[in-house]
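Chain lettering (A, B and C) follows the sequence in which the chains are written, and residue indices restart at 1 in each chain.
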Amino acid sequence: MSRRLIEVRDLRFRYHDGTPALNGVDFWLDARETVALLGPNGSGKTTFVLHLNGLLSGEGTIEICGVPLTKETLSHARRKIGLVFQDSDSQLFMPTVIEDAAFGPLNLGLTGDEAMERAREALAQVGMAAAENRAPWHLSAGEKKRVAIAGILAMRPEILILDEPTTFLDPPAAAALLQLLRELPQAKIVVTHDVLFAGAVAPRAVFFEKGAVVGEGTVPDVLQRFGWSGPLTGLRTLP
Amino acid sequence: MHHAVLDEWSRRESALHRRDPRAKTAALVVFLIVVTTSTHNFVVLGPAYLGMLVAGMAWARIPPAGALARAAVVLPFSLVFAGAVALAGDPQRAVLLAAKSYVSAAAVLLLVATTPLPALLRGFEGLGAPRFLLMVAQFLYRYLFVISEEAQHMRAAALSRGGGIRAGRTRFRAAAGALAVLFARSHVRASDIHRAMLARGFEGHFRLVRNLRFGLADALFLVPAAGFPLALRLALGGGV
Amino acid sequence: MPMHIPDGFLDTPVWVGLNVAALPAVGVLARKAQKGFDHSRTPLLGVMGAFVFAAQMINFPVGVGTSGHLIGGALLACTLGPAAAAVTMTAILAIQALIFQDGGVLALGANVMNMAVCGTLAAYLPYHFWGRGRWRRAAIFLGGALSVLVGALLAISELLLSGIPMPGAVLGVSLGLFMVSAVLEGAITVAVVGALEGMQPDFVHQPSGRRSYVLGALASAAILLSVVGVLFASANPDGLEKLAADVGIASRAKTLFATPLADYEAGFFESPWARKAGAGMAGLVLMFGASVLLGRFGKKRSV
């Protein structure tokens, strides 16, 4: 039996001005699973994942690895969950690649040497070991994405969440990312519009609409049910 | 762009690049003080100081001609005041002012061309600068590259929308609007950065990865780097 | 056109003194900027600093084919608050000195005191007192203008104190240009704050009800200092004496100083231009002082 890593029950959230963003979302994620979150813009996918590591807080229950998420257990959640943001430039803020990758481990309390060790390991895992001393503004979009992922992997999370990971990537870079994700053992949540990527990376999909989960199943099932398959989705090809 | 060129130069490899930033900063400060207090015999001292800088550039494998040309960015301002002084009847002093500002700028440029800015900032922490300020400067530098590009795109977009046609007042308001949009974007980016930091366990303090190490090579560098201009000044520059 | 003083211009006691003054000032402001906020300030101030650099690329038409750009101190003060704005400006000045060689390194203390500390605080002062009422836009405009004027006047007085002679005509033209720049900065700041409020009122800092007398006193002192500085420096014959000694016309100079009044070399410091400029600034300060008092009474009434 698989371990349940994330359990969400009836999550609700409203913005400052009162507009409802999440209307009672239920969700679960088991070890080694990969789930795609699909749905139109503004349906609440990103808002939802921001709740999982406590960047936003709403009403309802969230359990990360069996521990309920509260103010006190935030650092626990942030150790377990690694969130890769859509815009790598907002994530890579340190002056060099290796220093950025070491940022997470340092926050976990490791010493400088240990953190560097972890950072090098993670960079090797994503194939960016040679770029150690380069500045983030010199990297291509695909390279930045990999370094961002390395920064997360260096913290050894159990769950990876990627928010629109293929947004700035060209097809070869997207294919390389797909390959990398397939090799990583962590459980994954991938928020994406890229239906081909979703199909290739995730056996299960969850469809969001207006702040609630309205359907679940395999990616092709879900796409068909909600009218998202068609000629447009055949434009990009992934191996 | 100027900062991109300096950034590239600062990432090259040379013995000078490898020196501790604090040693280089100390050498710079001594050099600047020597230059600024050299009022006599600058005809000889000026070229001598410049020669030392050029030697440093060659040692660091930075193109001296390019570097010296870039240091000239200080001249427009200095020449205005030098001109005023010349008009007041003291052309000798005017030339001195311009020359001193130029040599000083070239020295600063050499420091920055051989030391990546974040390392330089970390060196300043040892000199008592508040860490908060240094981190702000580091973020500023990091995002200078990103935001300059955004601003350039906005400018190009505005120009392509017929920049010269509308009346002055409307254009003024349009420019203010563009600035406000850039401001808002920057603000959103700042909160995204903060969120990404929180997601990686940030709890308020920036922890250092590696401490700077001041070694024998740095001491061996500092003594002549600071001592030589000082000696030159005392020998040829007249009284203190 | 902001006044970044390069190295080689200021006299040793002047630049040393200003560096000594800048260190604790920046330390205090850095602490104040962090206090009461969570640690999100660091990326915010850094990114806003980068924003100021980028903002200087956007041109504002001033008519007759010329255009100017925002300098930014007052805008930062109205949106981030005075201490955070001062810290951001300090970071900007440091980057400008190091990377762009705009302003000297030894002179950094002077430039920081002039623009980041005094200039920013002077920019915030009117907003602090009148930022809430009907005179809000005027307050913002005045803040923008003051940020330029205070910085410029302090710089000029430091240069004069260091014995840089400025013929009356040059001084007059400089001051004229600074007035234009000040008005432009005020206008741009008002326009941008207005646009920001239209987008998201949150962006703009609301002046706190609790008045900080320390900041108010510091800011008033900054303004008075700048005017007094110009007047004092222009009347001070020491700078002139040093100049004369340097250039080696010592004997002639000695005769000059024996007769304090009249004569050409002493004359340009007593030129009508310097006098007018000084009087103008003094008038501004008096008006300002009067408004400060009125502002105080105004606030009391509304309570």
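Methods note: a residue touches a chain if its C-beta (ideal position, glycine included) is under 8 Å from a C-beta of that chain, and two chains touch if they have at least 3 such contacts.
This is a predicted model, so every value here is computed, not measured.
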Can you tell me which chain pair comes out on top for contact count?
B-C
Closest chain to the protein's overall Cα mean, using per-chain Cα means, please.
B
Averaged-CA centre spacing for the pair chain C and chain B, given as whole angstrom:
22
Separation of chain A from chain C, taking each centre as the mean of its C-alpha atoms, in whole Å
47
Whole-angstrom distance, CA centroid of chain A to CA centroid of chain B, is 39
Would you give the residues of chain B that are in contact with at least 2 other chains, written as numbers and ranges?
117, 138-139, 141-143, 146, 189, 193, 197, 202-203
Residues of chain A that touch two or more other chains: which are they?
93
Which positions in chain C touch two or more other chains at once?
43
Given the complex with chain A, which residues does chain B contribute to the contact?
7, 11, 116-118, 138-139, 141-143, 145-146, 189, 192-193, 195-203, 207-211
State the interface residues of chain C toward chain B in the complex, per the touch definition above.
4, 6-10, 12, 15, 23, 26-27, 30-31, 33-34, 38-51, 53-55, 57-61, 63, 70, 79, 87-88, 90-92, 94-95, 97-102, 104-106, 159, 164-167, 170, 187-188, 191-192, 194-196, 198-200, 203, 243, 246-247, 265, 268
Chain B-touching residues of chain A, taken from the complex the two chains share:
50, 53, 55, 75, 78-79, 81-83, 85, 87, 89-91, 93-96, 99, 102-104, 106-108, 112, 115-116, 133, 135-137, 151-152, 155
Chain B residues touching chain C - in the complex, by the definition given at the top
2-3, 6, 28-29, 32-33, 35-37, 39, 70-71, 73-74, 77-78, 81, 84-85, 87-90, 92-93, 96-97, 99-101, 103-105, 108-109, 111-112, 117, 120, 128, 130, 132-133, 135-144, 146-148, 150-152, 154-155, 168, 171-173, 175-184, 186-187, 189-191, 193-194, 197, 202-206
